[in-house]
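There are structures below to look over.
Each of the next two complexes has chain A plus one other chain: chain B in the first, chain C in the second.
Now for the complex of A and B:
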């Protein structure tokens, strides 16, 4: 029997980036807020101090800071005709767990999406005609524009102390920045990070090829920074243990280093860790959330009543809780009805590994941060004419190598045996003179009718709840996009003087064992029509108006950038709508 | 809650050792004057998982996967077999953090591994099968008793699928070796391999130094300092007579 806790104004499910942002904003508005987090509380000094944070085996290989598949996982299949099987060990993406969420172990690559990304369907149809898009592609406009989100992007970047070079300030193109970005109201709060050798060479080669390279916008501090909440971060030391790791140095923007110290001091905020929400409760009408049920690690069941529910877990868990709670109509790809589970996307990543002459090049690959290097944006979104190429979408590309950690980053030329004396010799010869940029080509993935989430009929989690079933495959559009981008990317390494350039194209079928990024998107998307979106443009549920669903689950399709900047901007945008409008008159903010 | 669900839950909680106590956080940042999860250092001593026969085979195998050369020791001296021994004794060996519920069905390559075997069971069965195979085809000699060329030949045939084992997937075992042996060679010495940081010295990786602000701008200059482990570095202690 669940124990009932005293009512709160707001219950927040998941205390990662978006949960922390929303909790702060609503506590700041005077509301009594509780956040319930599945994983443990985590903090720099006690959980990943510099003395042992840099343990590649423990954190990168054994995934200690992530969710364990033993806690819960998903099932996966490429096609609707196949039987989905459980993901027993993580591969293509890495679900976070614990306070801070993915913000603890992200790279801190902090991008804004292009203005055209938010009106994608309208933009592409106007430029190329409706017939240019594949028939089964289900891209949509977001219902919110870049201009509306700009102040919220700005808030997040100043919260984080983002290091970067502006490319467009109020319409003026700035030398050395990304000339394709939407206009920003002011410069980044911090200058770009220093660039190691290989990254500098890449920028030079790209410039000589006629591109406009710019530094990767980074949540790793280029200098000490105090954010508007009074929280201080230290300068990044280029330790090379950033993504997959917690930062022991208070140098990477995370909820822990930017917002939680201020949030926790608010007397009207409470958090419960190691407590997993199992259901959002709704009243008899099905139109009003009454709170949530959760189970703590002692196995005790609790009920937390609240007037407003904010669902801010990881993409798939947002969708899972909606499905398990019966909120919103589940998507049916055959009938093309329903919204929850629809327009699920990931990313289209590929890499180019280059080998240089060891006698001439010493890259010291271990000197890096999680978001470092030089990028170009000529082939992102609709920054180039897709007419001759027969596909849509694109991505940024860059030499953004983040590490020389030796288990992960000891590349050898193609054709080298995978063990024995020849392998050992090749590892030794190439370690200092090879470039492996990581997510070098960071391509978009657009949405399709047959790529979606629903509940698995067979496999269960430890609470005996159905796992979410992922049905996903690459479509020709993304494969063509990746071929085109990867070839362009490789040309830059050739121009740098590589003696051997190895292209690792992304190919179909989608492989759940091969890491791309953790940027899963969609499944509970925002939009302008309740028949094709689960949320309105303020991330408010069309069906249950006192429920807001934050995170990349709201993206109608994924763009060619890392999502966190946009995820956070949307959280601020939704918080602003709640503070400015919803609280005065709780109810549906949009009349559909 | 259903009894079955409770039992599953109880088993899960018992199997998790740290950071699992639910707490209410209010008006303060939780803090304790000690790390929540300090690293566990592997200690020297006898084999913890492998039998002596298994250990002999493993030391031979790791020295073929990473053979010694005049500048750098091989997998055996580097402690790769000790590393794998300690890993198999721990959560990795028992698949503790993986999703292990059934049904176990063979799927497509893109759906990932579905075996019900734990890593520890895989090694146990495969090492037994390896010696059985060698003894029956190599005049009664176990794998460890073969000369290096013959060992390489056996391993190559396992890799290519030419040698199959009866009770266990030989190729799957070889894939595990190709992952686990280099991990022993390159992970921090606190895990039992990479003894004296030989793997790091071979490639010039400085370990956990953590601060390269003085070197990020020194382009095309080899970083000059020796590696440091989580357990520190012996020659940081002045040894003046």
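Now for the complex of A and C:
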């Protein structure tokens, strides 16, 4: 029997980036807010201090900061005709857990999407004709435009202290920045990070090939910064322990380093960690959320009533809670009906590993940060004419090698034995003179009718709830896109003077065991039509108006950028809609 | 006529009786507001509220003294266990003279030698404010000292030696700001209660004001200017530290973190600037330079420093303004007594978060990672590389580790 807690104005499920942003905005508006987080509380000095923040075995190999699959997992299959099996070790993505969520262990690559990304269906149809898109591709417009999101991108970048070079300020193209980006209202709050040797050479080679390289926008600080909430960050030390690690010296933007210190000072905010929300409760009409049920580590069940529910967990968990709570109609790919679970996407990542003459090139790859590097955007989105190529989509590409960590940084030329004396010799010879750019080609993944999330018919979690089933494969469009981009990427390394360039194309079938990124998107998408989207343009549930669902689960398809900037901008956008409109007149903000 | 006079007389005594038992100032909004502010300036809550308690001023916090533990009493208006039944005069006698209601004497853990400098009106307004807080029934056995220290009679002698009654006297040759700062520092702020060296009997060494003392496991460093350790701090640096807990040199943690959180961050900018102006005018002696650190120890300490400390404090010790202390200028690092530097290396430290500086960065613990020899080496390095504070021995590190293991706070 669940014990009932006193009512709150707002209950927030998951205290990562979006939960923290929404909690701050609504507490700032005077509402009584509680956040419920499945994982533990985390602080810099107590949980990932410099004394062991750079423990590659602990964090990179043993996954300390992630959800443990023994707590909960998903099942996976490529095709609808297959039987899905549970994931028992994380591979293609790393589900976050704990306060700060993925914001603790991200690389801090802080991008904006292109203006055309938000009106993708309309844009591509107008430029290439409806027949150009593959028949089973289900891309949609977002219902929100870049111009509407611009102030909210700006807020997040100034919250984080993003280090970068603007490419377009109010329509004026800025030298050294990304000329393809949408117009921004002002420069980044901090100058770009310094670039190490190899990254600088890549930029030079790209420029010589006629591209316009620019430094990757980074949430790692190029200098000390105090954000508008008064919270301070220190300068990055370029230690190269960002992705999958917490930053030990307050240099990487995270909820802990930008927003939580200000949030926890608010007397009308409380947080409950180590508590897993199991259900969003709705009243008899099914049209109003009454709060949430959650279970603590003792196994005791509690009910937290609230007037407004904000679902801000990781993509798959957002979809899972909607499905398990019966909110919104579940997607059925056969009938092509329902919305919850549809348009699930990931990313199309590939790499080019280049080997240079050790006598001439010493790259010191360990000097790096998570969002270091020089990039080009000529082949992203619809920045180039896709007509001759027969595919849509694209991505940024760059030499964005984030580290030279010893366990994983062992690039050796193809043909080298995978162990033994010859392998060791090759590692030693190439460690300083090879470039393994990481997510070098950061391609989009568009949505398809047969790529989706639903509830698994067989496997259940510890509360006897069905696991979420992932059905995902690559389609020809993405494979073609990746081939084209990877070849273009390799040309730049050749121009840098590599003696050997090894292309690692992304190929089908989608491999759940190989890491790409943690950028799972979709499943509870925003849009303009309740028949094809779970949320309206303000991330408000079409079905339950006092429920807002934040995160990349709202993306109708994934663009060729890291998603966090857009995820956070959408959270500010939704918070603004709640503060400006919803609170004055609680109810459906859009009449569809 | 006679009857009428009698009636008037009765009314008068009744009125006087009421005013004696209950502060008339409770009806005075301005007095209560002033009292609230002055209670913050006097940092009453630091001792009289258990940290994190929802019942401010209800007492029960153990106060560690060199002589044993005293427990701060309940000063809520509860009539039985608090001070609700006290008259204003009784409250004033306790605050400014160290005299209890029963005529016995208070121990100087209650900083009445400082509060004696306060005006009667200020103390009365604090009383007015305290009369408005929630009365809490909480009986506190304040005196838990061993015999013979538990005999309050002894305090009669102590008072004769160390207690100098008398309100603060303005110095006419000094500015208004200086006088305000002096009043706050010497009176309600009772800065010297921690920062002034003590005699074996726990009285202030009045010839060495604010020149540093060690208590409750922390160093309250020498905060004098002139040739003293704060010589390079400007008045603005000092005021910023008091107001926000942070400045370009240092961060408040431990006891001073509490003082900033509960007291100085709640003062007006004018008042923290006044305190800074006065403190900048207090000169102290130059710290004795000590160049006896062993070169091998310095080399080992420097290596540990670059490995573990430089990511935040920078290779040159300069840190990050308002975030990471500058080790060359942080008074607790370069002071003669290494207690705080050892404690912070071993145990870590949480700096204070304030409205103006909400970050509250923390120093991680290294006691699990470094042995006593290593702790001593890195402590010696940070004290002796940029400054010339005395080296620290492994034995001192060992003792500090044991002391921290024994501590409950």
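Please note the rule applied: the second predicted complex is superposed on the first by the 592 of 592 C-alpha atoms of A that agree within 3 Å, B and C clash if a C-alpha of one lies under 4 Å from a C-alpha of the other, contacts with A are read in each partner's own complex, and residues count from 1 in each chain.
Just so we're on the same page, contacts are C-beta pairs under 8 Å (C-beta built on N, C-alpha and C of every residue); 3 or more make two chains touch, one makes a residue touch a chain.
Just so it is clear, the model here is predicted, and its values are computed rather than measured.
In the superposed model, A:56 lies in contact with chain B only, and not with chain C.
In the superposition on chain A, A:460 contacts chain B only, with no contact to chain C. Which of chain B and chain C touches more residues of chain A is settled by the count: it is B. In the superposition on chain A, A:172 makes contact with neither chain B nor chain C. In the superposed pair of complexes, A:81 makes contact with neither chain B nor chain C. Shared-chain residue A:591: touches no atom of chain B or chain C.
With both structures placed on the common chain, the touch criterion links A:285 to neither chain B nor chain C. With both structures placed on the common chain, the touch criterion links A:249 to chain B and to chain C. In the superposition on chain A, A:44 makes contact with chain C only, while chain B stays out of contact range. Using the contact criterion defined above for the overlaid structures, shared-chain residue A:69 touches chain B, although it does not reach chain C. Residues 43, 45-46, 49-51, 235, 237, 239, 248-249, 261, 265 of chain A are contacted both by chain B in one complex and by chain C in the other. Across the complex, chain B meets chain A through its residues 1-2, 4-6, 8-10, 12-13, 15-16, 19-32, 34-39, 64-67, 69, 72, 91-92, 96-101, 103, 105, 107-114, 152, 155, 159, 177-178, 181-183, 186-188, 190-191, 199-200, 202-213, 215-217, 219-223, 230. Looking at the complex, you find that chain A touches chain B at residues 40-43, 45-47, 49-58, 61-64, 68-71, 73, 76-78, 82-89, 91, 194-197, 200, 235, 237-241, 248-249, 260-261, 264-265, 267, 269-275, 295-299, 301, 361-362, 364, 366-367, 404-407, 410, 418-421, 423-425, 427-428, 431-432, 458-460, 462-464, 509-513. Note for the complex: chain C touches chain A at residues 308, 311-312, 320-324, 348, 350, 353, 355-366, 368-369. Interface residues of chain A, counted against chain C in their complex, comprise 43-46, 49-51, 224, 226, 229-235, 237, 239, 248-250, 261-262, 265.
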